[in-house]
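Two complexes follow with chain A in common, the first pairing it with chain B and the second with chain C.
And now, the complex of A and B:
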């Protein structure tokens, strides 16, 4: 079973795509527009962004899908001079942390030449394409770490903004209350340039932050900003010291902290108790929302539909829908839909509500440790001794080989879910977070809701 | 064929069906009402009209394309709020949307966006009042029946499935995402008269307020019924297309349940049944009920309303049909019930009637009955005779001119027969009323002397009026020149309309030294 899955990995290799990072490439390459902010920069999209090419979400169910419209984010990049180079491989519908759950086979990690290692997921193809130097940047989506984790494994920068910063119109929903559009690139200049283009209100997306709130967020951030060159207060959440954390990653974390301390920043040990219940709350919410969002894929109006074979009774519509979904979705997607539907079913109790309460408590605890008030949750008093940013490793362990990963996953699928341990809290709380390469590992930095600029500055301190 | 005839002959009996005293009927309604908005509930697609080409009013969101998101249409919210206020409901300060999941080809998202946990309005009532509404109670002393409303929620309509003879299903998504409100009543109905009255009254209300076209036949309003006996298990009946269906299905279901009770057979709890025109049929029982897996739609922001929203909406609403009806029953209007209903269903004519009544009674001091008589006996029939739709062609008979004509006929200056033919030729576009009247008065000058006062007679009349109304005269002299109209009115009345109001005005002005 395992070896069969491994063998099928590279069957999609068509062009010189050594890492199976692409699902499709445009038939002709546009030269892009000159004199714009992103002119001469090449980019790819994770294959869950709509544009004029096909959009598959790495699923058999959408393997024949072509959208009649484009995602706002994709259009903005094009208008600002970006040159489109293709759609990237991913875990099907964003569900996974390894990019092995793809109808088109796994993407592999360009950072390692000693055999097939995972690119991470779910935006694995995007991370691989940027890491291999194929393009300058890629847009991915981050629901629980899907931009940060593959960026970490592939040795590039992966940034996820505050929830609502970048329009999700035209981006396929996995879990709509957590989904964010993220940016993968090799340097901070590119990340900030792309973010500058995408950071705007979109009236088509009901969850996009309105212009007025953006202005308020900016003034709140400016009010608490210690200023360029001034020392930051940096928090170390002790709940991230989990038993799953590898010695190398622990070492890397310590090392980064020492470096920052040497630069004159204040280091503070802090506690956010709800981090411990984040993982289960996250999977409860994400799978419930996914089960709902993926209900629309019935193969009737678009997407994969089963031709009625002789032996299958497709008399009733529900039988046809069931058939299309059973054959169209991969095993991980089906598993999460089942989990989500169980959570939502009337027999299961009120798990979704409980998870939502954990989420609220988590936000409350984050608000308690940041210097900046959270404009959205109305705690408007700045805390002088609060933190500007928090830092932790991005991932708990080293980049496994595909075989290792699948073996672990087969032992217990919760092993795979544990990869998201460190990235999930920022997703649940809607906070901006970034993963930056640090030695052979990577460091994650988080800041208060809306405080992207402080986050970028802290990132540059570590990168320089 | 035999079946049909039996069915048809039995309807007259059905209309008088009353529940048996030992088996008390309890009935509740669930009404789905399509809101008359320009755009759909969560997209900027124009709402579909009948005869739109299938799947021509469908946006990316309406067809459930990936990557699309909903955006609430505020017009739908306003119409829902108007309904809630008109029915005296409590409007929620904060309400929100939820997803109700089930798979069906005409449900493109795989779920319906509705309001399950926090509906826009709760509570409320519609009061049925005799004699406006038939409440069907043997006890004549009971004059009204209160039907309590449990809640009103905003939700999306589905698309439409068309089942073909070859076994295929065609799906038209034009209706998909059209705004609906679902109104649920408590099981307060005791008989079919009340159900019928409620539906009629509700239709009248939503039509009058421009909330919905109000038709059952087109599916703009769809009604489900639940029926229980002696507070037993309730059974829901769906697929009722018109009032006849509703009435017959309730009666059938009532006697079916009475039969079961008499046999000692328990009634299935939470059963859903359909109506096929003859009988109700089992559709779904509690055991195979769909689990809709409700949960909040986090993409749609909560609806937050100010605490005085009910007041604000109330101030915007016109006088409600039931209030108008009560007024029209009483003096000075005293209209017949059927005429009141007709006017309320035709707001343009209602306004026309009110203006005509006001001109005739205030300006010409005539009795109010003339307004109703002329509108219902002459105006309607003349339009009918001309085969013209009345509401859109009322401009052919401006209300001022009709009132002149009425005054002319009442005063005897114009004969009844002439009056009718003047009206008819105006409606047929031959000659406007004002021209007819003026030509009539010139051509019949010879005979006019007998029915029109001479100048000296008019002068004599005016002096008399001045002498008998010293207070009014005082007012006019102190500057309230407008009060001269009162004197003119008095003079017109005393002359039985034989004087010319224009002449009278001049004479009064001369006598009172007003320029």
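And now, the complex of A and C:
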């Protein structure tokens, strides 16, 4: 049974796409324009960004959908000279960490020659395309680690900015209070160049940080910045020291920290107690918001429909909607919608509100360990002895084969949640975070809300 | 109060290489304490509950017995997992007397600007123009795509109503 599922997952729609990284490619490729900041850089979009091509979210339900408008992020890349090369495979509607929940089959990992290892998810196709050298960069989305985790597995850089930095207009929502647009690339120059293009207010997105707030965040960051070449204070969160951390990831963590110590940076042990509650808080919030966001898909106005809507008697519309949703959504998406609706229902209790309280506490605890104040939440007291950045591995375990992942998930689906422990805290607190390759593993660096430049500098210290 | 709580989470000591090595060899806790199957207190989730949730979620209510059991188990496992929200409650979280509200990372929640007046809203509505970058066209109207010709309904440029059948009509 399992091996049949694995064979199905390895089905490739396009024989020219060795890693099943693409869902669609443009029929013609524009030659690009000279003289723009992204000229001569090729890029792809995770297939939940709308542009003039189809946008499927790797779902049967949207397999025939074409948007009448484009995502602001995609338009900005085009305006600045980026050359579009296609839409990438992903976990359906962003739900997963392996890219095995896709209507189009699993993306596989170019870093491993056997072709049997997961690319990670949910932005697995983006990570695979960048890792294989097909494009210079890709835009993905990161709700709880969906850019950082696949970047880590595929050996590329994956960056998630502060919540609200990059416009989400035209990006299909999974969990709107957590969703961010992220960048995957092979080098820091490209990451920073693309971020420079996308880091601006968009009035179409109500969660986009206003220009005045961006200016203030920059001032706050500059005020606490020790300056280029000066030593940073780097924290090790003790709650990330879990029994399940693989020996390879422990070794990688130690190696990176020792390297930073050799450069003269200060290392501290820090404690964020709410990290232990963060997985439960995240999966409460994410499933509840997903259930709400995905209630709009009925197959009547657009998307997959079992029968042509005009042929349907109005009495049977609700039955048709139920049929469309039951046949159109994959099993993982259906499960998360059910879990989300149950969490929100009066039958279960008010867990959503409780989860947001945990989130609030987590933000306060992060504010207590960073040197920089958090301008967004009005926590303006600087911690003079606080940290500039935090460091950890990106993933708890090593890159599994597709079969290993599916077996583990079938035993207990919470096993798939466990590997998100290191990436979820930054998502809940809205902090910028980056995964950078380190040996055969990856290191994650996090900084205070709005402190992207210090994050980039710390990344360069390690990469250089 | 908040500042006192914040200070508890910072540390002051700079670690030596030996201390880092010892720290990164140590184990603070296990994720298994969250993910180990624990369905205590989830007995209330029965086939009837699942049926209600399937309907609420817009799915077909008739599922195979096998699928029904899988989904009930998923709900029970998830609730066992979510119950860990109530572990490790710090003093600050447990003793808060603030009114409960949903915490978000929106600027408007933390740094509210001037409230909108009715005139502000009227002005915004008056000055609205179709935005092609949002897929809006000059010709678009809320009822224009409707193909319905339900008997007794009224469709014009601005609104669409369905007239209920009167007793006379249903005789």
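Operating definition for what follows: the second predicted complex is superposed on the first by the 450 of 464 C-alpha atoms of A that agree within 3 Å, B and C clash if a C-alpha of one lies under 4 Å from a C-alpha of the other, contacts with A are read in each partner's own complex, and residues count from 1 in each chain.
Heads up, the rule we're going with is that contacts are C-beta pairs under 8 Å (C-beta built on N, C-alpha and C of every residue); 3 or more make two chains touch, one makes a residue touch a chain.
From a predicted model like this one, the values you see are computed outputs, not experimental measurements.
With both structures placed on the common chain, the touch criterion links A:248 to neither chain B nor chain C.
Once the two complexes are overlaid on the shared chain, A:199 sits clear of chain B and of chain C alike. Once the two complexes are overlaid on the shared chain, A:57 sits against chain B while remaining clear of chain C.
When the shared chain is aligned, chain B comes close enough to touch A:346, but chain C does not. Of the two partner chains placed by superposition, A:218 touches none, neither chain B nor chain C. The wider contact with chain A, measured as residues touched, comes from C rather than the other of chain B and chain C. Touch criterion not met for A:39: it reaches neither chain B nor chain C. Applying the stated contact rule after C-alpha superposition, one finds that A:367 touches chain C and leaves chain B untouched.
In the superposed model, A:298 lies in contact with both chain B and chain C.
In the superposition on chain A, contact of A:68 is made with both chain B and chain C. On chain A, the surface patch touched by chain B in one complex and by chain C in the other comprises residues 67-69, 177, 204, 206-207, 291, 295, 298, 301, 321, 341, 345, 347, 352. Interface of chain B with chain A (complex): residues 60, 63-72, 99, 101, 103-105, 108-111, 169, 171, 291, 293-295, 298-301.
Touching chain C in their complex are the following residues of chain A: 67-70, 72, 75, 163-164, 177, 204, 206-207, 209-210, 213, 235-236, 238-244, 250, 253-254, 257-258, 261, 266-274, 276-277, 279-281, 283-284, 287, 291, 295, 298, 301, 310, 314, 321-323, 325-326, 334-335, 337-339, 341-343, 345, 347-348, 351-361, 363-365, 367-369, 376-379, 381, 383, 385-386, 396, 412-415, 417-418, 421, 430.
Chain C meets chain A in the complex at residues 2-3, 5-15, 17, 20-21, 23-32, 34-35, 37, 44-45, 49-50, 52-54, 56-61, 71, 74-75, 77-79, 81-88, 90, 92-93, 96, 100-107, 110-111, 131-135, 145, 147-148, 150.
Chain contact summary for the complex, chain A toward chain B: residues 48-50, 55, 57, 62, 65, 67-69, 71, 168-173, 176-177, 203-207, 288-289, 291-292, 294-298, 300-302, 317-318, 321, 341, 344-347, 352.
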